[in-house]
């Protein structure tokens, strides 16, 4: 078993480009929205983790494959799951879907280090780790 | 006399939208680039002002008029001047031009408060004020 | 009576800056989300208006006042109303609120021209005009 | 031998996040700037390739590793090279450097399809292919 979540985003005009599709870089912003939703689904606020637990999860790697375009005003579903949980690192995987279109529009993965506000590697709060790996 | 500067930006693909022009919100980012150039031209780094002088200039108002579109890969010139210098506030005005096109593509103005890192109103460093009003 | 709507946005990490608040330029993106919601509330899709009715509403002016900062993960309410409806122009006004904080965090206004895909001024589709001014 | 280029970008305030570093998604925008510079260095304008040659290079994959943070106002050097040239596909690789800091801050790769304005796969213009593989 592994932590999963489903997020919804609607493509903004600002997120399109002159090719008439969503600019590819925007998917990484959506992935950010999606993993924070996953963490929220476990009962944690990433904002509180930063402010109260001195935990930060800077992105150490990011990748995506863009299989089919998405368009302005599309309502997209982002399916996220925990892909890896290390001592001081974590990775998430993502699939972007649009209702009525078979297969994913895009897939991706982000890797993160667990650090404190000084940038030093640290362990995850115990309760967060427990729920992530439940 | 008043402090002025000229900045250059090239329109990025990410900055276009599906109307095939620059997304209007991007001009406010360019204004930020432009006023920091103006400050640099006076011999100051805005980064150093934040880090070493504990000065921040959050935007309290922003406005723009969009007269003609700009397009992907256009090289634009942003002409900036100091519009107002108060005890703890400052305003800049901007004109965006493209070589060969008469008149401004856009004009704008931003107002800023002078605050410290705690968000408290403060005076400008004396030397900065002096050069701004030279 | 005038057309109004209420939109909800949650501040993304990508939308913050190193001052620890929402970057001011992001509010103009939210205004875009908000006016499209208003149009949707009247029974129209802005996407369909572009694709099927050959109507575009490029921004001709934009302004905002930033009264109090918003922060990462804040859930904000954007209250939008139609401010002006001309023959081939339209303007919207916006207020950004956060539950529990009295007064608006920000206010704004955008003006738009009604043009076709060639950039020529045109009238609004009759039914849209009717509902906007109902 | 392979096509290479060096680009320069200065980190904008809008590109930072509340961690006080450049938001990771921004690197993909810089990569776009960088590969267009590479193409320009070969004597082609990507804009003209779109407009006059009906060539588009949508991103089909993108990845990056973030090794060290970059900060507001940093002047960064992006070293780009052609990594792969297929019949109707192309890939670029990137390294982001900051003067005085040994090693890359980030590395990345983007893959692209060659399509026309209808999204159909097509060959590269012969002269572009020749110079890319020179």
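Chains: A, B, C and D, in written order; residue numbering restarts at 1 for each.
As a working rule, contacts are C-beta pairs under 8 Å (C-beta built on N, C-alpha and C of every residue); 3 or more make two chains touch, one makes a residue touch a chain.
Predicted, not measured: the structure shown is a model, and the values here were computed from it.
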Where chain A and chain B overlap in contact partners, by chain label: C, D
Farthest chain (mean CA position) relative to chain B: A
Distance from the mean Cα position of chain D to that of chain A, given in whole angstrom: 24
Chain centre separation (chain A, chain C; CA means) in Å: 27
Overlap residues in chain D, where contacts from two or more other chains coincide: 13-14, 19, 21, 25, 29, 32, 72
Chain-level touch network, classified as line, ring, star, complete or other: complete
Complex interface listing, chain B residues touching chain A: 13-14, 16-21, 23, 25, 72
In the complex with chain D, residue positions of chain A that touch it: 19, 21, 24-26, 28-29, 32, 56, 58-67, 69, 119
Chain C - residues contacting chain A, complex: 10, 12-14, 29, 32-33, 36, 45-47, 71-73
